[in-house]
Structure formats: structure tokens, C-alpha cells
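Chain nomenclature is as follows: A, B and C, assigned in order of appearance, with residue numbering initiated at 1 for each chain independently.
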Amino acid sequence: MSALNSTPPVEIPDLEEQTMDRAKESFYTATQFQLMWLKFRRHKLAIIGMFVLALFLIAMLFAEFLAPYGSQSRDADYLFGKPQSIHFFDDDGNFRGMFVYSVISQFNIDTMQVDLVEDRSEIRPVNFFAKGEPYKMWGLIKGDLHLFHVEDAFIHLFGTDSLGRDVYSRVIFGTRTSLSIGFIGVIISFILGLAIGGVSGYFGGLIDDIVQRMIEFIRSIPTLPLWMSLAAILPKEWSPLRVYFAVTVLLGFLSWTTLARRVRGKLISMREEDFVFAARIAGSSDARIIWRHMIPAFLSYIIVDLTVSFPAMILGETTLSFIGLGLREPVVSWGVLLQASQNIKAIEQHPWLFFPAIFVVISVLAFSLVGDGMRDAADPYSH
Amino acid sequence: MNENDLIEIKNLRVSFPLDEGTVQALDGIDLSIPKGKVIGIVGESGCGKSITARSILQIIPPPGKIDQGEILLRTKLGSMNDDEHIIDLAKLKPDSDLLRQIRWGEISMVFQEPMTSFSAYHSLGDQIMEALLMHKDVSKEEARQAAIEMLDRVGIPNAAVRLNQFPHEFSGGMRQRAMIGMALICNPSMLIADEPTTSLDVTIQAQMLDLMKDLRRDFGSSIMFITHNLGVIAQIADEVSIMYLGKIVEQGTTMDIFHDQKHPYTSSLVEAIPKISDARKKRLTTIRGSVPSPFERPSGCPFHNRCPKMMPGVCDVKVPTPIDFGNGHKAACLLYE
Amino acid sequence: MPGDDQLLLEVKNLKKYFPIRRGAFGTVKKTVKAVDRVSFFIKKGETFGLVGESGSGKTTTGRLILRAMEPTEGEVIYHLEDREPFDLMKLSKKELWEFRRYSQMIFQDPYSSLNPRMTVRDIVAEPLIATKALQKEAVTQRIRETAKKCQVSIEFLRRYPHAFSGGQRQRIGIARALVLNPPFIVCDEPVSALDVSIQAQILNLLNDLQEELDLTYLFIAHDLSVVEHICDRVGVMYLGRLFEMATTRDLFFSPRHPYTEALMSAIPAADPSIIMEPIKLTGEIPSPINPPEGCSFHPRCRYAQPICSQSIPEWKEYSPEHFAACHFAGELELKGAFK
């Protein structure tokens, strides 16, 4: 009781003022990444880019679920089939939900050719979250659930290729391959760049000189011929999976130089920073200075660089595969898919084979937009 | 507009719409610059002294914009019959031809760091000559001659040779001299000097102040001298305006400002600087707190939350208006209302 | 020169030469003598000022006497309460690490000297943690005490530096320097980046802390009015050399070096009724790569004689505690800043 009585009367401050102060306080106590997010959020385009990348990520992770068919499944009756149209109303104008018509081959007497026409006699409803072709997700988890599926018929949103394989499903699987090559390549170049650039910048002297000359040498080689010759070294008898890894590692090994330079430059300028100097006088060890002061300071810049170097990886893979030096069937990547549209005839007669290119463009754009926003946000302390 | 005034600024308001909120950089500035006088503008960081100067030439960094007010200039430029007339600079478009002629032709500017105001890729002489060739009808040879004379005049030895050198070959003091030379080459009626001695060493600063005094006598230009250094302003200015958070809180002759302050901010400022004297050292007078964030302008008098003479219920409510103490000495303080 | 018991440190013949590297693999061509044959002493409990213009070597000297960089030559003898006098330059890496508890530094730029990614608490705690000076449990208590002394509110400890203005940041920097309770602080231009009103607050704070904690300061500055206000004794540097050293009063009243006289005359008085008569120094400060022969000031000196370009003047005590390096320091009648 006495304790209760001795409590001084508490003044309840104005609620509005209190919430304002709390907002201010949370800004004052915001960490580096919280501040970066505040800054990043202001870039509408970067946010859109981020959203697009999130979709790509989902496609990459859940390709089996999103694609109605496997990458090698064939619809033997529908070769070079154009994208099917989605219908909502039947011929009588009644609303029937989302549905497609099956496609049948019909011999055209006038042109003496086989035409593919919609069989309007039967409505094939599109079922969502329906059981379809069985698969093993990432080769591990068995399943047969698909985002959408058509009973007793096929649905080809992006049409089919020369063997009747569903382009849409293949693009989804290609997304997985192409982006994972990007991811692994970026991680390899990140590790190499950080380690080599770090050693070069921190120790300086002769090591620095040697590393710098080496980087200059690597950077002076024209990329395309280099890729071609390196890819040509890969033995033809290697399995597609091995080639896949080799290409990934190759891309990673060639793109670390920019990052290494960046890390080195940052380390050198950071050594001169007052707060690093202050830490040294405070008695901090080298390890503590690197860990507590230097790495947090340039981590954000490195993440930006990685984002920006992503498109180069994706384009690298696409280019290599497109010219036939990278991945090959049965692995599907955007580059592999685009091989099918290598000639003018393909573009003229089967323009839908070009869908993978749109994905390449969208992903590269999205990465660039996100990279732009991140570059602005990378130093939340400048004004 | 007074006959003797070259420039009269009336109720100038400049704001910066930023993501975090709008910053009222200038909150109703009234200032006149008489012909041939040195007007000092003094204030702490964020008081708007540089923005005032930049508004005159309409070179406010984006997203700043003039919301209101007039900047009247007496000039012959842009007049039909070559007579003096008055134009409102605030009404001109920043990229208009007339304003371009006025910049450097009529009003030129010297910045704190002259390295950034010179191009590193052209020789100093070329840049000075360029300024003259753009604004005056002279031949290249005449321009060259004028540039040599000017460099000589601002105390750069061996001017004919140094004309061909690049800005990085000059020391800080020499670059600042060259900058002043370039600013004066078109014989402008006004020179805006934005912290021109702040990055210089004290002995070089003394030389610069000397030079500016000489030049003002010889060229008769008005000088708007912006600084945070009260010592420098005491030595060079005829009249001084003290700014705080986008307002002029006190203006008067230099003597008024240093010996007969009316506004508590001015007197605190003058007392806060250590003065070299034989007297025993004592604690410095301080102004409590620090300049508020531009997003949180105090209500009433902007200085009230730091003022030693703050009157509760008055200063935090009412916005003071300038009171005339005679002879152009004005202060905006509620103590006198 | 005062007795050993009065001294905190003695600097003897300190040199720092920077090699200028040129070419792809950096062959040394020339050296810059950033600090050259500098000798001075600092007494316990005083504020010793080091003034000079840019390139005079005052900041380098400040860093050398904390051995934040390695000198080319010279000794810095510390006389600390509980230890035998020792030469800082001869300490091993581990001994140097232990020495950090005895001296800290306050920086010029309150923005770049605080790591923006660390909370105020972590910034202030860094010397404690890095030197392992205290048990973990005692750290919080010490941080709170120090913050209070330096007028940093306890609630601010969880914030990051971006929450603060220049003056508050400088207080945080001071708290970091004081958290180990060191007897000696090097203040490297601690107020030159601050606004006038804040400058006065920080100068008063430094004064109060000195009285309360019995601190000794080395105060590096270029603003002579500030130096005159806060320092007990002052040394004047020019192109890496110490030209004069005396008590503040002596130096400002009757300087013995012509450079000091010129410096004094250039101080703009914050009073329009005092008319400045700056002594015109011809030319600019020479490049430190090719300093003039003899006395490095002679090309700009109005009293220069032939001998000045031939031999380097000796560093001599002309009256008690008044040292100068000028051939004519004993003869010239020079004007000080007091009028």
C-alpha cells in the first residue's frame, strides 16, 4: 500500500505529441538497413522492380506448380501451335467461367494444308489448384498439384514449339535455370571479389600491385571471344548438368573483377576515415576494425554491386546458350529456349517462340531498376 | 526604391519541398544593398544566408523555389534606350537571356571553394577571357590583355605566364584571387562573396580582405559578403544583417551590430566568440541548445526556445516584426513591441 | 625548462618524413618533411596549444605523440603518475595497446569521426571494450557517468549519430575520449567545424572537464582567438617546424618570431573600431617538398638577413619558458596581438 501511495502523480502527456515523439525516436534509433529501406521505398520504379523480381523468385522456387506441364512433355497434336485464347463466354454469349477449346487439325481443301482450328463443340474449363501431371519438386518432393489445369485437353498460354512442348511451362522452368545461374555466379564473384579485393586493399604494397595488374589483364580481354573459347574447352561428352555447373562457375570467375576493385577502393578510403582512426586510437584490434567498422560500412555498396551485376550474368548465360556454347537440351534455360527462334522464319511464322526474350528483358530491367534504387539508398547518411 | 540602392529585396520567401517536409529556407527577407557599400550577411549554418545570395541570381539548388517576393535591380541591361531602369529578378526565368546577361555582367559571385567554380580542363586565362567575351564586345586580344591586367591587379605575380596555367597549379589563396579577378572582369555593379575566406589560412585571409577593400574602392562595386566569421565581418562590412532560421533578426551599421545590439541573438553571438584581450579569461557566453532542425521551426519568434530573454506566452506565440531604431538600425524582437 | 615532476610529456627531435611514391611500382623520389626536428614539452594539467596554418604539421605532430602513426625519428617521453618515464616510440605492440588507456583524442569533424552505423552507446563504449579496461558489468555504469559529465543525455545512448547536430555529436566524441579516464587528451581542432554558438558551449565544456578531471590537453587549432582563450602555453608551427613556444600571455604580448608577429596581425578583430593592420607576407607558404634553405620562413620574412637563407636557426630558450627558432629572436622588437 505504502509503495502505491508514494508513487508520484503521473502526468499524461498529450497523445498526439507522444506518438510524434515515438516516430521521431524510432527514426533516431533506426539501423543502417532501416534507413536504407526508408530511402529505397521512395523509388516507385525500384519498388515495381522489386515486385517483379519477387514474382520471378516465386516462379523459380515453384516452377513445377506454376507450370501445367513438364519441360519435356509433348502435345503431339499441336506442333508449332500458337497461343490458345482464353474464353469466358460461349458462342451463345453465356458466361461459362474461364475455359479453352481444344485444338484439332483440319485439312484445308483450298490451301492444301493442315490447319489447327478450335473445336468449339466442347468447353474445356480451366481448373485452378487442380491435380494434373505428377512431378517431383526440385527432384525431391512428389506432387501433382498445379496452379491451373485443363481436364482431358491441353492449355498452351504461350503456344508450343516444334515438338509440341508447352512454351509457357518451358519458360517457367527456364526462369529457374537462368536465375539460379545468376545467383550462383553472383555468389562466386562475391566471394572472390571480397577475398581478393580485401587482401589487395588491406595489405597493399606488392600484393596490391600484382592483383591490380591481374585484374587489368582479365578486364582487357574481350568478353565474348573469351567466353566462347572457354566454353569450347568444356568437353562435349559432359552431361548437361555438368555443363550447367561449369557455365555457372565460368561466369562467376569472370565477373569478380569489378567487385574486387570496388572492395579495394572502399577499404583504402575507409582506412583514412576518422572513425576508423578513432577506433585504432581507442585500442581496437585490426580484426575488430574490419569487422565492426569497415564491413558494415561497405556491405551496402557491395549488395548494390551484386544486384547490378545480376543482369550481366543472365545475359551472359543467355548469350552463351543462344550461340550453342552454353547449356543444351534437356536443360531448359532462357538462352536454350531462344535457340529455337534463331532464324527469321521462326520469328515470322512462330513469333510466340520469342516469349523467353521478353522474360530476359523484363528480368534485366527489373534488376536494373532495383539496383538504381539501391544505389541511392546505399549511403543513407549522405544528404 | 531608394535612389542609392542597387538592389532591394522585398518579402522574399524561398522554400524547399522535400520528401521529409517543406523547408522554409527564407521566411520574408527585406534587404537593400546600396551602391558601393559592403553588406555583410552573418548567421549560423542553416540560417539561409547563402540562399539569399543565390536567390538574387536565381541559382538556388533544386528543389528550392521562390514562392513570393521581389528582387529589384537597378540596371541598364534589358532597357530599350540604354537608360537605367528597375527589373524584378524574381520574375525572370532562370534560363532567360536577360538573367544570363545579368549574371557575371552585372552581378558576379565568388564561392567558398574556388576549385569547384573553375573548370579543371581549361586554363585559368581562357576561363577569365571567356567571361569577358561573353558579356562585352571585345576582341580576343583585348580580352587577353584585360585578363592579364586583372590578374595583376588581384595580386597574382607573373600574370602573363600564369594565365596559361590550369586551376590545380594554383594554391588556394591564388585561386581565390583569380576567382575574384574573374568576378570583376566585366566590371559588375555587385559582387556576391559567399564565405570567400573560410577555407583560407589566416594570413591569406588578411590579404584577401585587404584586396577586397582595395577593389571596392577602385571599382566602386557593391559587395554582399556572406560569412559566419564575426571577426571578418567587423573588418570589412559597412552594414550587417544577422540572420536566423530564414529571417533577418537584426540589421544595422557594423558599429550598431558590434556595439549596440538590440536583438538577444545578436548580442549572444557577439559575446560567444573568444576575443583576444589582456583581460583575465572568463567563461564564454553561450546560446543554449542548437539551431533547430529546419523541419521543426519554433512557433512565434524562431529564436524563442534559445533566447535568454524569452517571455513565455509572448515570444512563443507572436511573430515579431522589425522595429526601427533610427538610422536604418532594425531588430525583430518582441522585447521592444 | 620545468622539472620532471611537473611534466606530462617531452617531445625530443621528432621527425616524420613522408616518401612521395611515383611510377607503377612506387619508387621513392622525394620526401615531404611533415614534421621536422620538433621538440617541446607539456606540463601536467595544462592546455598546450599548437597553432599553424595548413601544412604546418600540427595535426601530424598530434598523431605522432599518440603514436597513431610511426615517426621517422625522435622520442616522446611520457611521465605518467603510476609508471616510470618511458619513450612511447619504443613500446612493443602490446605495451602500446596498454598505453591507449592513458591518452585519447577528440576530432575536428563531428560527422566523420563517429561511425554512423553504431549507436551512441557502442561508440562511447568502444575504448572500454577494445582496451578491456573494465569488467562487462561495470561498462554500462561507466558509460552513463561519462555521458552525464559530457552533457550527453542517457536517453540518447540508444540512438545513432544521425539523430544529432554537430554540437551534440562533438559531445559524444568527447565522451568517447573520456570514458577511459585518461589523463591526457589530444584535441585536434575540436571546435573549428562548429557554429559560433556551439563553439562556445564546447570550449566551456572542455574547460569544466579539465578542472573536474585534472586533464592535460594538447589543443591543436588554427583560430588564434580560440587558442588565446583556452591555452596556457602555445607552440607555433610553420612548414613542419616549431618556430616559437611560450606562455600564452608571453606569446600574444611579445612574440619573438617574425612569423608569430605576422600571424597575430592577421587575426580579424571582432570589433569594427579596431582597425586591422596585417603585416603583408610576400608570396604563399612554400611547398613542403622543396622548403627554402636555411630558415624556411626567410623568403617571406620582412626582417630577413643573408644568414637566414644560409643556416637553420637554433631552437633556444630566450627567456624563461620562451623558446624560439630565429636568428634574431633576441634582438627584434615585435608587436603582439594585445593592443
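In this section, contacts are C-beta pairs under 8 Å (C-beta built on N, C-alpha and C of every residue); 3 or more make two chains touch, one makes a residue touch a chain.
None of the values given here were measured: they were computed from a predicted structure.
S.K.: Report the topology of the inter-chain touch graph, choosing from line, ring, star, complete and other.
M.R.: line
S.K.: Once every inter-chain C-beta contact is counted, which two chains account for the most?
M.R.: Looking across every pairing, the one with the most contacts is B-C.
S.K.: Report the inter-centroid distance (CA atoms only) between chain A and chain B in whole Å.
M.R.: Inter-chain centre distance comes to 53 Å.
S.K.: Roughly how far is chain B from chain C, centre to centre by C-alpha average, rounded to an integer in Å?
M.R.: Here the centre of chain C sits 33 Å away from the centre of chain B.
S.K.: Distance between chain A and chain C based on Cα centroids, please, to the nearest Å.
M.R.: Centre-to-centre distance between chain A and chain C: 54 Å.
S.K.: What positions in chain C touch 2 or more of the other chains?
M.R.: Not one residue of chain C touches more than one other chain, so the list is empty.
S.K.: Per the contact definition, I'd like the list of chain B residues that touch chain C in the complex.
M.R.: The contact residues of chain B facing chain C are 44-45, 157, 171-174, 201-207, 209-210, 228-232, 234-235, 254-255, 258-259, 268-270, 272-278, 281, 283-287, 290-291, 293, 306.
S.K.: Which stretch or stretches of chain A touch chain C in the complex?
M.R.: Answer in residue numbers: 25, 27-32, 35, 209, 273-275, 277-285, 288, 292-293, 296-297, 380-381.
S.K.: Help me check something: in the complex, which residues belonging to chain C touch chain B?
M.R.: 53-54, 165-168, 195-201, 203-204, 207, 222-226, 228-230, 252-253, 262-263, 265-274, 276, 278, 280-281, 283-285, 337-338
S.K.: Spell out the part of chain C that touches chain A in their complex, as residue ranges.
M.R.: Against chain A, chain C makes touches at 24-26, 66, 68, 97, 100-101, 104-105, 107, 109, 112-119, 126-127, 130-131, 158-160, 162-163, 173, 176.
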